[in-house]
Every structure is written in C-alpha cells, then in structure tokens.
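Shared chain: chain A. Partners: chain B in the first complex, chain C in the second.
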Partner chain A sequence: MILIVSMIKVCDDCKFKDLKEALKLTNRGDTVLVVGGKYVLNEVIIDKPLVLLGKDDPVIDGNGKYEMLIVKSDSVIIRGFIFKNSGFGFVKDYSALRIKNCTGCIIEGNRFVNNMWAMYWENSERGIIRNNYIDGGRIKGAGTYSGNGIHLWHCKRMLIENNEITGHRDGIYFEFVDSSIIRNNRSYKNARYGLHFMYSNDDVYYDNVFSGNGAVAVMYSKRILMFRNTFKGHWGGTGYGILLKDVYNGEIKDNLFYKNTIGLLFDNSHNLKVHNNVFLENGIAIKLWASSTKNKFYENDFIGNTFDITTNNVSPDVVFVENYYDTYEGYDIDGDGFGDVPHRLVRVFSVLTDMVPTLYLFLKSPLQDLLETLEKAFPTIIPSLIEDKRPRMEIINYGKNGKFKQEI
Partner chain B sequence: MRKFLPLTLILFACSPKPEPINYGKDACDYCRMSIVDKKFGGEIVLKTGKVYKFDDIGCMINFFWESDLSEKDVYMFLVVDYYTGKLIDATKAFYIQSDNIHSPMAYDIVAFEKPENAERFIKKNGGGLMNWAQVNDLVRKQSPGRR
Partner chain C sequence: MLKVFKYEFYNLIRSPAIWLYSLFLFFITAGFTWFTEDPSKTTSAVLTLTIFLMPIITMTISIMDYYNSREFVELLLSYPLKRGDVYTGKFFAQILSLVIAYSIGYLVPIVIKGWFYEYTLSLYISGIMLTGVFVSLSLMFGVLNDDKVSGLAFVVGFWLFSTLGYDTLVLGIALYLRNYPVEKIVIPLMFLNPVDLSRILVVLKLDVAALMGYTGALFKEFLYSKLGILMALASIFLWIIIPYIITLRIFYNKDW
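Here is the complex of A and B:
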C-alpha cells in the first residue's frame, strides 16, 4: 500500500486563507500548517486523522459565542495554536476544544485563554495533553459560570503533563477516568479545585504543584497514588490540601502540605498509607473523621501546625507511628532516635474547638495553656487515646537533601 | 421597646426560611464539594431554621434518607430550577434524569418548576418525567456514580 500524504498550508497570502475550507479538502493523514492569522470557528469537526500545526501563533477564536473545534477521529495531533474566547452559557457547556471517542490524540503546546471549558475529552483513550497553558481568566466571577481547564469524562490511559492551568472552575477534572497519569503540572488559583477526581480508579499523580485553589479533591475513587506533589495556600472554610471522600486503598507519600487551612481531610476513606510527607504551618495538618478506618500514618514531619491532628473520634485501627512532631516534649535516654514516652496526638483544645468552633477565639491564650496542662495531668476530656508510641526525635524528610525547601 | 429587641432577634433567628446558595463559598452537606454549578443544587430547611445545602439533587435525597430526620422536621425541600436558577418547592417540581445531563455527583437529575420547560428539555435531551416521590425512589435505588 502506498500512503500519499500531503501538507496544506494556510495563511493570509497562501492559496488557502480559510482554515475551515482547508480542513474540508484534507485526506486521512494530511498535515495542515497554519501560519499566523485569526480564524473564527463554529463547531468545526475533524473526522479523520490529521496533524494541525500552528506557526507564529495562529488564533482560533470563538468570538464569545461558539464552541470552536470538535475532534471525532483517532490520531489527531494539534500543536501550536491559541484558542480563545469560547462561548459562555448558563445551560449549554461550551468548550474551546472537544474531543470525542478518540484513541491516540495529542494536544500539545497550545494556549487556551478566556474559554468556558478549555478541553473537554469524552470516551477517549491513550491521549496525551502536554505543555499547554490554560487560563480561564475569570477568577473574579468565582468561576461559577466557568467550566474546567482539562476535563476528562469516561477516559482511560491518558497522560497529562507539563501543563499550567489557572482561572477555571477545576484545573484538571477526572470523572470515570482510569489508569491515567498526571505529572509535572501547575494548577493554581482555580475557583474550586486544582485537581478533582470523581469515580476514577487506578490513577497516579506526581510532581505537581497545586496552590491557591479551593483544594484538591479525591472523591469516590480507588487505588489513587499521590506522591511528590506540593499543596499550598488552600485557605478558607473549604480549604484543604487534599479532601479525601470515599477513597479506598490509596497511597500519599513525599508530598508537601504548606499553609493550608486543613492539610488532609479524611471522610469515609479507608486503607490509605500516608508516609514521608511534610506538614508545614497548616491550620490543621490532618483531620480524621470517625468514619475513616484502617489508615496508617508513618514517617511524616509535623512542623509548625496549629494542630497536628483533630478528630471527632477515632476507630481503633488508625495507626500513627514513627512520625516527627515539633510539639513532642518527651526525651530519648536510650539514644535510639525515638522518644521514650508516647506522644499524645490529639490536644484537648482541638477537641473542644471541634465541638464549639467559636472557642478558636481563645487560641494561643492562657486559657488554652491552662486546659492543655490540666489535661496532661488529669486526662479526662480527650475521648480516645491516639498516640504515637515511637515518635522521632529528629526531622525525617523536610530539608533533607534540599527536599521540599525549594517549593516555599 | 429596646428591652424586647434581643427577644425579637432570637425569634427571627428561629423562624425557618430558605437561604440563597452562596456559589463558590458554600459546601455540599452530603458530599462536601463546594457548590459552584447553578443548575443542579438543592436545600433542606428545617423547622428549627437550620439550612442544609447540596450541589446535586441526588445528594439532597440521600442526605435526607440517611439522616435521622423525618418529614416532620422539615419546613421545606427546595431544588434549583434548571432554566431560571431559582430555588423552587421540591415537592411540586418536575424531574428528569438523562444521560445528556452531567451533574456534579453524576446523579444527572434536573428539576423544573414549569412542566412545559421540562417537556421541551425532554424533546431535546431525552429522559422521562418524574415527580418528587418518583425521584426519591430512583435516587435511593442508585449509588453515586450510577454508570
């Protein structure tokens, strides 16, 4: 079989001046090279494998009214374009680029600016989303009308790397997405979540930086691995480093949680291993709801948090062991690197504030000191005694080999 | 008169009334997600004045049936009208579940105040019309992420 492919060039002085017309004349496997210019597209469909190359920043514009480009074929590559000004609707969801039923599509090196959704993938697999800059630009409207930056629905085996996403509702959104990788992305100042998993299994995300979003939310998902990420500056009543809701069998390791209202929230989440993380200067490092069971926390650093652990009650199978706490006041006479007396994790004041939030007014007041001292002498209020029997005397992860410090 | 001011305030605080959803700020009382989408939410107002807010009609129904609350405790169930975004009486609304709807928790149910709007939606997107009792039965049979 002889495969004949051709290259079609589109620019202001070329034979083809209109991208839409040029696309109509393509055959399977052709390359369309677009040099500069601005092209207003309204639901233009790509239904065969093509390579779309943009040179000198060609703009695909939705004029604030349209969904621009819809890919309905396998093996489409789109590189080097600026997608901007998609439509905005209360009922209809407009996406600058929509990809349907596609295997092996690659979207890389594009800029998406002022779109409702930037990318909306449906029923696709083995796609790559790489090196894109995505700015919803509407953070001031609290993103309630805005859609997500990278939105995946019913996909699998996807790779999402080196993207920068800001100003959308969720930076990266996974719903029914399995066996996929998210790495090296920066997702910041999105109105709801930097990264959001719903009903997605067997995924991994690592080396990402999430900052100033509402949170990162991992919900109703199984076997998610989360490592070497930074979660910082998630402030507010719903501000979490990671919100875990109905999550099973995951692992959280080597992450930095810095200056979040709550670093990790466990709600009905089970069988997670949390280790070698640094919890630095959070309001509450870890909040454990009683509905969460069989979680194990070891070799983490707790430094400068207002409270390390708060809980409404704890199931007996929760394990904290060999973590470092800067609030530990014990001693190590035998010199094995571990404290000789257990470290009580839940402080009486955090139990009280959980019941009566207004008590936060007395945070760091003499009243708090008095209560803590009394509780230490005569333990009565703390409901269940969770303790770390082997607290470390020295910091384990933070600053070792320069680790974590560069992120602050 | 001034003497009675605190008393009136207390009475005010206790009289139940719906509260607008503060999008982007309020979190769902069932699934904990912050509520941002203005098409799918709901609210339960108790007779005590306590208000629970939800990002998905399915969350609201599951919350109610899994809680210790009974219908006697509830002053009002409210849902968001898909067309206007207003909070309407949930017990009198018309409901549609369709695969062409993507709601935050994937129950994929929308509510309408006016039946003609619901009919128009069905013509375009498919799905069948349900009342409050039927949509309660439907949600209770499904777990989140029904697909």
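Here is the complex of A and C:
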C-alpha cells in the first residue's frame, strides 16, 4: 500500500477557500493548514485521521445556530483554531467540537469562545486536551443556559493539561471516565463546578487551580487521587472546596483550601486519606456527615477558619491525628512537638448550629463567646470521641519552603 | 430647651469620661486596623467588642452624668422653665456628645485607611442606633432610681440581659422547638432586641454571612425588604421613644 500524505492549504487567496470543501478532498493522514479567515460550519464530519493546523487565528463559527465540527475517526489533531458561537438550545446539546469513538486525538492550543459546550468527547481513549483557552462567556444564568467546558463521557486514559476554563456550567466534567489525568489547569468562575466527577474511577488530578466556582464535586467515584491543587474563593450559600459524595478509597494531599464557605464536605464517603493539606480562612474547614466512615485526617494545618470541623455525628472509625490547629490551647511539656492534651475538634456553637441552623443568627454574638468559654470549663455538650489525641504544636505545611504562599 | 441643650452639651464634651470613651474606641479600632490588613476582619473584631462593651459604657456615662448634675437639674427646675425642656435638652446633649465621641473613635482610623465599605458603614450606623437606645434607657433608669447604686444595678442588669440573657432565652426556645420551623419565631425575636438587630445588620454584610445559609438568606431577604427596613427602624425607634416618654412623664410628676 502506498501512502501519499499531502498538505492542503486553505485561505482566502488559496485554491481552497472553503474549509468544508477541502476536508472532503483529503485522504487519510493529510494535513490541512488553515491560514486566517472565518469558516461557518454546520456539523462537518471528520471521518479519517487528519491534522488540522490553524495559522493566524482562523475562526470556526457556528453563527449561534450550529454544532460545528464532529470528529468520528482516530488520531485527529486539531491545533490553533478559534471556535466561536455554537448553537444554544434546550433540546439538543450543541457543542463546538464533538469527538466520538476516537483513539489518540489531540486537541491543543485552541480557543473556545461563547459556545454552549466547548468540547464533548464520547467513547474515546488516549486523547490529549492541552493548552486550550475556553470561555463560555455566560457567567449569569450559566447554570441553566450553558453546557460544560470540557465534557468527557465514557472515556479512558485521557490527559487534560494546561487549559484555562471559565464561564461554563462545569469547567471539566467526567462521566464514566477512567484512568485519566487532569493537571495544571485553571478553572475559574464557572457557574456550577470547576471540576465534576461522576461514576469515574482511578483518576488523578493535580497542580490545578480552582477559584470562584460553586465547588469541585467528586461524586460516585472510586480511587481518585487529588493533590497539590488550590481551591479558593468558593464562597456563597453552596460554596465548597471539594464536595465528596459517595466517594471511596481516595487520597487528598498537599492541597490548599483558601476562603471557601466549606473547604471539604464529606457525604457518605469512605476510606479516604486526607493529609498535608492547608485549610486557611475558610468558613468551615471540614464538614463531616456521620454517614462517612473510615476516613483518616493527619498532618493538616487548620489556620484561621471560623470553624475547623462541624459534624452531626462522627463514626468512631474516623481518625484525626497529628494535625495542627491554630485554636489549640494545650501545652507540650515533654517537648516532642505534640500537645499533651487532646484537642477537641468540634466547638459547642457548631454543634448547636448543626442541630438548629437558625442559630447561625447568633454568629459573632457575645453569647457565642460565652458558650465557648463555658464549654472549655465544663466539657459536656460535645461528644468527646471527636478529638485529636496528638495535635501538633507547630504548623506543618503552610509556608514551609514558601509552600502555598504564592497561591494566595 | 436649646439653652439647656447647649449648656449640657458644652459641659459633657469637656468631661474626661467622654474623651476616654472616644480614646478607647480609637485604640480598639486603630489597633485592629493596624494588626490586620483585612477590613472585613477588623470590622468583625470591632463589632464583637462594640456590641458587648458599648452598651455598658454608654449607659454608665449617661447615668453618672445624670446623677452628677442632679443638683443642677433641681436648680434649673426652680426657674420658670418647662420641665420637659430640661430633660429633652439633657437627652439630646448626651446623645450628641456620645455620638461625636463614637464617631471620632471609630471613624478616624477607618477614614485614614480609606475603608469605606458597606460593613464598616453599617457598623457605624448600628453604633449610633445603639447609643440612642442606651442613652434613652439609662436616663430612664436614672430618673426611676434616686439611689445611685440601684440605678447602676439596673444599668448592669439590663446590659447583661440585652447582650447575653435575651440571646440565651432565644437559644433555649430555638433548641426546645427545634423540630418546628423555628426561624419563624427566632427572626422576629431578633428584631425585638436592638443589640441583636444591630449585630445582624453588620454580620449580614460580612463574608461570614455565607455560613448562615438558609436562615441568613431568609433574614437578609426580609431585613432588606421595605417591610423589613421599616420594622427594624420601628424597633429601634420604639426602644428610644418609649423610655423617653416614660422618663418625661416621671420627670414632670416627680417631687424633687
């Protein structure tokens, strides 16, 4: 078999002026170089391995009506385009770029502006999504009127790195996505979640920055590894750093949680290790529902949070040990770096507000201070099983070797 | 009345107690602004202190001033003056001088920093409202009790009740009725206590308001609706006007 690979150039003064026509005439393995210009596409299908290169910012436009490009082949590379103005609708999910049943596709260095969905991957494997800038352009009402930035459904072994995503419903959305890596992305000001896992297992995300979204939600997933991420400014009635719901066997380490209403929420999540994180100035650092079991929290820093831990009840196999708490008032006589008196994690006011949320109206009242003082003198209300038997006397992670300082 | 007011005002503004109070506020506010660069944290810290200490300081200054000037008041009453004018003059003189002291103590550090935010402003307004309420109340306690000690006892008693006792009661009610939609009782009850009302007014503007969740949202929606503002103002106004009227009546009928 003879393989002839050719390059087709598309531009305003070239032989091919229309990208759609050019794509029809390509053979397997061809390269299509698009130089500048604006191309309105309506569900144009790429059904063979191709390289699409954009030079001088060619625009693929959906005119606010169409789904633009659909890839139905393996090994397609798309680089350097601007995808703009996909259709919007409630009946159909319009996506600027849809990728179906593809192995080894690479989407890199593109800009996606003002689309309902930016990228929608289905049934794909070993794809790479890299260096893209994605702006849904819909901050207000994006929860209902917008789709997700990077949407993956039934995929495997994907790599998502160095992307910037904002203004969508969810920044990155995983549904039935296994064994994939998300790293070095920035996902901010998305209407719902910065990153959203559903039924996805064995994934890892690290070195990402999430800010000003509703939350990062990890749901119904197993063995997720989360490290060196920053979660900041998830503020408001439903702001969470990470929202864990039905998660099993994960690990959360070396993350920074800064200024979230709730840093980490555990809802029916089991067997997670949470260590070496910094919880800084959150409303509630960790909210732990009684349904969560066998979780272990160690060597974390709790600094400047309004409440460190709130809970309705704690399963006895949840362990807090060797964390640092700025509210710890014990002493260390033997000088081993650990306090000699256990630290009670839950404060009386947060126990009361958990029983009756209305009591948050007493926030910052003299009564709140009085209750805390009374509780210290006569420990009665707090269930004593929630305590850290070996609280650290000094900060473990925050600011060590300049760690976490630059993210703030 | 204006003459009495003027005289009382000049007298008060020269008294060291007022300036100590102002200085105290100044050092607290300046201290917090100095140590934390975050205006929201400063406000939150100053709020806690203001809510707790301002009532007792204001009431003590006000009632002690009343007791100290009793002989002078009696002297004034022997002149052909309306009794009501004597009292009203004193009332406004006290409020004005305390508000000035408060403004200088609190506002100067804030203005220097240029921290003009909704919450710094609402704390200022809350402080003024509380000053009005507590001056009115403490004058009532003063006129009701000729004995200094029992007058002060009333002041301290009311201070403890309004800052701690009342909240404890509401807390008890809320816990007892926790299986019912308890916010329907607690929110109106918060409107009845000026200390709670002015605290929540500020807290709702702060970041921590997000923690209040559903109740906070409900309260905010109500408080910043037309009816809510009206009710808040009415509550504060009643706390000022009712003791004022009572005191006025006693003042008229009192056998000096």
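Going forward, the second predicted complex is superposed on the first by the 402 of 408 C-alpha atoms of A that agree within 3 Å, B and C clash if a C-alpha of one lies under 4 Å from a C-alpha of the other, contacts with A are read in each partner's own complex, and residues count from 1 in each chain.
The working rule: a contact is a pair of C-beta atoms (placed from the backbone, for glycine too) under 8 Å apart; a residue touches a chain by one contact, two chains touch by 3 or more.
In this text, all values refer to a predicted model and were calculated from it rather than measured experimentally.
Contact with chain C, but none with chain B, is seen for A:261 once the two complexes are overlaid on the shared chain. Once chain A of one complex is fitted onto chain A of the other, the partner contacts of A:237 extend to both chain B and chain C. In the superposition on chain A, contact of A:91 is made with chain B only, not with chain C. In the superposed model, A:283 lies in contact with chain C only, and not with chain B.
Using the contact criterion defined above for the overlaid structures, shared-chain residue A:361 touches chain C, although it does not reach chain B. When both complexes are overlaid on chain A, the residue A:352 reaches chain C alone and has no touch with chain B. In the overlay built on the shared chain, the residue A:370 is in contact with chain C alone; chain B does not reach it.
Touched by chain B in one complex and by chain C in the other are residues 237 of chain A.
Touching chain C in their complex are the following residues of chain A: 235-237, 239, 259, 261, 283-284, 306, 352, 355-367, 369-370. Chain B meets chain A in the complex at residues 23-25, 27, 31-34, 36-39, 82-83, 85, 102, 105-106, 144-145, 147.
Residues 44, 47-48, 51-52, 163-164, 167-168, 171, 174-175, 178, 182-183, 186-187, 190, 196, 199-200, 203, 207-208, 210-217, 219 of chain C are the ones touching chain A in the complex.
Against chain B, the residues of chain A that register as touching in their complex are 90-91, 93, 142-145, 153, 169, 175-176, 191-192, 198-199, 214, 217, 219-220, 237-238, 243, 245-246, 265, 267.
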